[in-house]
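Consider the two complexes below, in which chain A is the common component and chain B and chain C are the respective partners.
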Partner chain A sequence: MTAIEITNAVKTYPEFTLGPISMTVEQGEFFGIFGPPSTGKTSILKLILGLLQPDEGQVVLSGRDGAGMDVAERGISMVFQNLALFPHMTGRENIIFPLRERGASEREIAERLDFVSEVLHVSHILHKNPAQMSGGERQRIALGRAFAADSRAMLLDEPIAALDARLREEMRVELKRLQRENNQTFVYVSHDEEEVMAISDRVAVVIDGKIAQIGTPDEVYSRPGSLAVAKVIGSPPMNLFQGYFDERGAQFKADILPESVAISGAPPKGREGTLGVRPEDIWLGESDGNPSFEVTVSSVEPLGSYTIINAMLGEQILKIRTPGQVILKEGCAQRVSLDSRHLHLFDETGQRI
Partner chain B sequence: MALKYFFVLLACAVVLYPLLWMVTMAFKPHPEWTTVAGLTWFPENPTLQNFEFIFFGRAEGLVVSLDRTIVGPLIASLVTSIMGTLVAVVCGTLSSYAVVRFGLAQSLPLSVLQLRLFPPLAVMIPVMVMWSFLGAVDTWWGLSLIYGIVTLPFAFWLMKTFFEEVPVEIEDAARVAGCSYWRVFYRITLPIVKPGLATCALFVFILNWSDYLLALLLTQRDWVTLPVYMATLTSAMGGQMYGMKAALGVIAAIPPVIFGLMIQKHLVRGLTFGALKQ
Partner chain C sequence: MTDQTAPEISNTHAKAGYWTRVARDGQKMGFWFVLPTLLLLVFIVVFPLLMQLYLSFTWWTPLEGIPWYQAWEVFNWGENYWYMVTDPRFWGALWRTVLIMIVAVPAQFFLGMALAYLFIDQFPGRKLFYSIMLTPMMIVPAVVGLMFFLLFQGTGPINDHLGLPPEFSWLTDVNRAMISVIIADIWQWTPLMFLILLAGMLGVPSDQLLAARLLGGSNWQNFVKIILPRMKTVIIIALVLRAVECFKIFDLVFIMTNGGPGVQTETISVFLYNQTFGELEWAYVATMGLSILIALSMLAMKGLSLMAKK
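For the complex of A and B:
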């Protein structure tokens, strides 16, 4: 069943246009929205919530058109980016606020409160005011308030961005567990690519107010639909080579690579384009049947299970990611080869070929 | 360091000395009012005579008497100041919230401010004409109304800055939780700006309480307020009645002080501390 369906929604601001946005979120799905900061991710959530009305297009919630639905009757809860706890209420009052507003019975309120404080481990801070809580505690209360409502979908706007790295990882696992156990629909917004990829069933990549691609994290990563997506997904980012496709459409001639790269598919013959290679698809040393060339190592970042090598090819910096610990002297010449099975080709307009 | 304390003490002296003068004078008997007997810091023969005089119109040992006591003006001052404060704070709060949150009447802030751009005296003649036409001169509601109108810009602007500090997400969160706009306002926003509201009410009350000009022009007898009444405490025989005026001043200072103490705990609080993540 479709929980949220947005069709060609457009929202125009004086200096920014969001959309047209089309996307569907299935019941029980963990749907991620990823995009660089200020690209309209939060506005998409507000469209779903009804805090914003689309200028064009429509938002449908479980089969009902959102146009005539008030915010209160949509039955969607949200964890705001800045948490937006009610400062004059205790943790308990914050959590049960949505229940009270919807006229839940005392028994129901008590049950939900018990449930929420158990899954989020907040029993010990229920009597505190937000001002007396740590960042992580406020986080949990904000999540608790959204959870208590038992809504049809939960929207989370960068809910864990302010936490430190370790806590963030814990919360990530926790969120996924909560979502799975309750079979709830989650829409999760973040500008942290790793976070979204790790947690979501499907990801929408938002760039400049438009959805550039929707797919599973694996699809988005291994088959980015456009140059723009290829640029924002992946860390370190994909290596890109400007060049052109030859007349026969069998080879790509990159401006700075010494030899042409054999390609397959149906490229626009004789036209300009871009070749993308992920850092992990560049290998150290020669390899049979793969194009190879020489680079100058400029720095090496050993990161435990893998090593990032920054190398110069002419004027361009190449990022190479290689498993394990590798020791290379800065300034030395190194022969590298491209994994020709994992080449990404984009035409002049940036569309994937 | 010493210099810093010197200036602090100097500032305190400048501010507090008139108060000291007023309080001591209130307890001085007639002969000690002026330099005839030599000025003293504290009353040599403390007395409640001055208070007795303004409350009962006469006092033991004084030949002069008053045809009206402080009681009427005190009630007039209380009623008109409180009502005026209510008018200004209620209207100012609701209108500034509408402007801040719903973007209504964007020109309103400046229009409201214009009410304060010229001295009230400049419009007092037309106001007097209007008020007498409305039958509002020397009535409690006439004076309350003008107090509310004159202090409205102040209440509006003060509340505007407080509302602007409330993050819109907090209200959005309440709407998502199922609140109507009106409910968001009184369940969430109003409690959050409570310190601001208290401060605003106190300031507006003090403005109304200390008004002299409006009350002088818009009252005649029944609703004369304390400041106007104080000016009448002059007798042909005794000249300026310093002791009585000081006693009146002491009594006039009590309501704002009580009000201030009552809301003190709200005054110095951050509005939304802890609501957002840092």
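For the complex of A and C:
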């Protein structure tokens, strides 16, 4: 069943146009929305919440048109970036707030509170005020409050961005567990690519107010639909080579690469384009049947399980990610080769070929 | 080695001594800088208070024929205080002042709160209305008094609008005079309440309000459960401020009714004025002034301690 369906929604601001946005979120899905800062992610959330009415198109919630529905009526709860806990209430009062508001019976409130504190492991902090809690505890209470509402879907607007790295990783696992165990629909917004990719079933990449691509994290990473998506997904970012396709459409000639690269598919013959190679698809050394060339190593970042090598190819910095620890002298010449199975080709408009 | 370090140590000692001396001298110098202000404070605060206290224990009036500092000649062992607690005119004035306070201040509070609530959302013309809203409190109270004096005339616009005959008097009627004064005070001071409460209301983080709204709270519930608790401090400040100010109400009453008809609208301030310039009972005025000062301070302390409790 579809929990949230947005069709061709457009919202025009004086200096910014959002959309047209079309996306569907299935019931029980963990849906990620990723995009660089200020690209319209929050506006999409507002469309879903009903805080923003689309100029065109519509938002449908579980089969009901959202146009006439009030914010409170939509049954969508939200966890805010700064959590928006009520500081004058204890953890318990915060969690049961939505239940009291809709006039639930004392028994129902008690049951729901038990359930929520069970899932979120917050029983021991229910008596505290938010000010007395740690960042992680506050996080749980905020989630608990959204959970208690028993809503159609939960929107999370960078809810763990404020936590430190270790806690963030823990909360990520926790969120996923919560979502799975309760078959809840989550819409998770973040500008942290790694976070969204790690946690979501499907990801929508938002760039300049438009959805550039929707797909599983693997699809978005392995087959970015456009140059723009390729640029924002992946860390370190994809290496891009400007160049053109030859007349036969079998070779790509990059300005900076010493030899042309054999390609497959149906590229626009004789037109300009871009070749993208992920850092992990560049290997150290020669390899049979793969294009290879020489670079100058400029710095090496040993990161434990893998190593990032920054190398100069003419004027361009090349990022190479190689497994394990690699020791290379700075300034030395190194022969590298491209994995020809994983080349990403984009035409002159930036569309994937 | 020792020969080399020894003089150095003594040197630093000398240095520290020097700086300590400078600091001490600095404190001395600071005292001389502050002294004029201290003297001024003694003259404008401490001296008048002590003088008032002194006079309040005597029969002294300017007609006594002796200078005030010789008032000990007519020392009366606190009989002024006894006279005050048995003076029906004093209690009447006190009661009327309290009456104005307990009617006007809550009215200003509720009106100010309602207006502030209207103003938390954006709407066309908000800034213009905001400026208009604040105008009454910018006007000199005496002018407000004059305005309402004219409005409440028998042949004035209020009777005209309400379709009442010119004989229907406001300011000279035993009950309606008080109502008129209260209305004028509410009109003038609701804006201040509005301003303070709006500031407090805007201080409630908007995402908390949004969260409450998303979680299904009605506007009224959100107001009671989210906005009010967070405004507690501001509310106390606004109420204490207005209560103390309202207790001192003078200009409006003086100009609109001059305490009349009879003493029907005579407040503490007007009574004190009449005693000072009409009866020349300066020692008695000093007695009442001191007593009211103590009472008001206690009232304000009580209010502010509520705030500290939070």
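FYI, the second predicted complex is superposed on the first by the 353 of 353 C-alpha atoms of A that agree within 3 Å, B and C clash if a C-alpha of one lies under 4 Å from a C-alpha of the other, contacts with A are read in each partner's own complex, and residues count from 1 in each chain.
By definition in this document, contacts are C-beta pairs under 8 Å (C-beta built on N, C-alpha and C of every residue); 3 or more make two chains touch, one makes a residue touch a chain.
Fair warning: this is a prediction, and the values are worked out from it, not measured in the lab.
With chain A as the common reference for superposition, the partners chain B and chain C occupy clashing space. When the two structures are aligned on the shared chain, A:A131 is found in touch with chain B, with no touch to chain C.
Of the two partner chains placed around the shared chain by superposition, chain B and chain C are both touched by A:V71. Contacts of A:L49 after superposition on the shared chain: both chain B and chain C are touched.
Of the two partner chains, chain B and chain C are each touched by A:F86.
After overlaying the two complexes on the shared chain, residue contacts for A:W283 are found with neither chain B nor chain C. When the two complexes are overlaid on their common chain A, residue A:Y306 makes contact with neither chain B nor chain C. In the overlay built on the shared chain, the residue A:Q139 is in contact with chain B alone; chain C does not reach it. Set against each other, chain B and chain C touch different numbers of residues in chain A, with B touching more.
Once the two complexes are laid over each other on the shared chain, residue contacts for A:R102 go to chain B and to chain C alike.
Comparing the two interfaces of chain A, the one with chain B and the one with chain C have residues 49, 51, 71-72, 76-78, 80, 82, 84-88, 97-98, 101-102, 145, 149 in common. By the touch rule above, chain B contacts chain A in their complex via residues 167, 169-170, 172-180, 183, 188, 191-192, 194, 271-278. Partner chain C is touched in their complex by these residues of chain A: 49, 51, 71-72, 76-78, 80, 82, 84-88, 97-98, 101-102, 145, 149.
On the chain C side of its complex with chain A, the touching residues are 205, 207-208, 210-218, 221, 225-226, 229-230.
Of all residues in chain A, only 46, 49, 51, 71-72, 76-78, 80-88, 97-98, 101-102, 129-133, 135, 138-139, 145, 149, 162 touch chain B in the complex they form.
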